[in-house]
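The first chain written gets the first letter, and so on, giving A, B and C; residue counts start at 1 in each chain.
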């Protein structure tokens, strides 16, 4: 690093790498979307067995951890909110605060993050391993589009399963919140339900579920993309798994912020 | 895929879908089927703190929400539409469960009640500065400053009453106007002129004769000054409406005192009061000083009141919250004024 | 291409012109030129890591060469568009070095996959052909086994069977018999010769098994990592006796004792 020109060259390299990544991601998105569309037009060409397999791994298999994380999140959120708002005698606002926060934000977000850790990384590892063992090459020489063969079943599975997981996460999160309300404030269930219904519009619930569909798309897309970008050595799989999780969480949080704003604007139009 | 995982997947999908529809039902659809009535009102004060969705209460019972707020700029009037959940209004029939009244009956009931004095009034809700609308029977309704018919409201019209805040603002503004109209400088100048003329005349031999009269005058002056002191030291919070009266009484007293002192002094035969001269002079000077101080305090009191009004304007919630004592409490505001 | 066709009315099965290949900016093999006639069985030979697999993957169109052109039956696979490339590739059968069986599919499904995806054959027909191919490599009875439950040698044989699934005109085998016992290796050689007999397929393979080379290969192309290119090219027997390069002569006469320029073994 004696030569200052070296660092300039390095910066240039990095810029080119970044450009490569972006171009590759965009063309991957295009590729997958085309393959998804093809799957809609010719449902027979969808790999149903894989689809069912991934439905199982992304859905029911993820329920225990989703329930655990969501319930704890609900409990912690409710507890923190309770401590603060109890000072102001605003106990009756708590079900609304808990409901809105979980249904609109935390529910979809936490479930998506758990799914990233479980499914997104698994996708990256699976495809990365296939790349190293030349299975991807084999697919291509057979004239099979790897995206159709590998990504589409995962994508459909996630698009169906993540919203359902989110619904469960929402439910369990609110239940966790209720437990705190009950134990700390002695709030009966019917009061909690009534206050929740009063403060939480159904559109918030739908907003959360719609968000989770977008998150499912992001998780699958990033996981698979990272898998396809795996290098040629064994460590590369680990690297792409890690970066799948990191990239995917980053994209999820960015998208979440964007969607939050978008929905608020939309509600504004609605009046 | 084996049978076990097929079962798991099926169970998962069925359960999650069930929860989904249950949540939809609990959170939204139930309200969809409820019948809504609408009422409107017009206000000319600021609706800061009121928003679409704010609650509407009838004698404290939540019965609906604000559905629309719009401005008629030419008349400087704000229109508020409210959506009323009429399932809160029941009729009792002997030996039966209460039944929700039909929507026409509700509208009639509201129209009837308006004749008897039903009014809308914005009230502060909780700690946030948010407001809700309270429907209430009011005995002495003040007529609106505009012609309601001109607006051609589609919904049942319920007149509005100025809110507590705007009441309070109105009276405080009136007090301020009165205080401002007092000619402090004139009073002070005249008093000084009196003292000057006293100074002139103490050398006159006729002075002695009127000493008794002057002594009585001085006593009266003291009383007046005490009145002023009472005002400045008093609890403004409780007597905010009587401040202006007190002030004008005190000032009138001072004025009449000054006038009579003048008259008396003109009639003095100064030669007879040589022996009392010194004691009188000192009393007169003290009187003048106290008067100055008093006027200064009144001035400060006015400043504090102005501050209070501005504060209430910027943060109406503080009035009922009572947390930030030094600023919101009228008493302390007065105290602040004194300390400066 | 026109003048080439004028000189040789029948285009070469594989023709490589001024080919330079590598990864990124790194050149693995430079300036290669050779022709493989239809029906030939050619063995690519060379030390481990000299770029044999790399050459194979470039010829079957998985990577773009740094420079030069590759013609398959007279059609360039380098400049072909997506559709033409797919049509060229549909004539390939490839068995990869590590087998590259799909882990999520069992043995029968692996071999059936190209048939399912690329043909309109009925299920019964596919099943019949699958057991035919499995019988060819002595794997019948293992249809329901997952790749993870098979030994390395079995995976190699299954990959070999899968390469034959569609009876392709061009076959590429990357070390098909490495790690197999001599008897199985002999059996594969027999299968290769049979295929050539029946379908006149052109076969290009990488192998280190000397007996196998002498039994089946018409021609050997010797690569070298130091030269980044072809050292010698000819029939195995001729090269063993008359090659100008001593390394080639030693390699072919003594087999496994050649010194490798790579410290790691190429395959498990």
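What we mean here is this: contacts are C-beta pairs under 8 Å (C-beta built on N, C-alpha and C of every residue); 3 or more make two chains touch, one makes a residue touch a chain.
Computed from a predicted model, the values in this text were never measured in an experiment.
The touch graph of these protein chains is an open line. Chain nearest the geometric middle of the protein is A, using mean C-alpha positions.
For the pair chain B and chain C, the distance between mean C-alpha positions equals 94 Å. Put simply, the C-alpha centre of chain A and that of chain C have 42 angstrom between them.
In terms of their C-alpha centroids, the spacing between chain A and chain B amounts to 53 Å.
In chain C, no residue touches at least two other chains.
Among the residues of chain A, those in touch with two or more other chains are 53. Partner chain C is touched in their complex by these residues of chain A: 50, 53, 129-130, 133-135, 137-138, 140-144. Every residue of chain B that touches chain A in the complex is listed here, in rising order: 1, 5-6, 8-9, 11-13, 15-17, 19-20, 23-24, 26-31, 52, 68, 126-127. Residues 57, 60-62, 86, 89-90, 92, 94, 96-104, 113-114, 117-118 of chain C are the ones that touch chain A when the two sit in their complex. Residue ranges on chain A touching chain B, taken from their complex, read 49, 52-53, 55-56, 59-61, 63, 88, 90, 164-165, 167-168, 170-171, 193, 196-197, 200-206, 209, 271.
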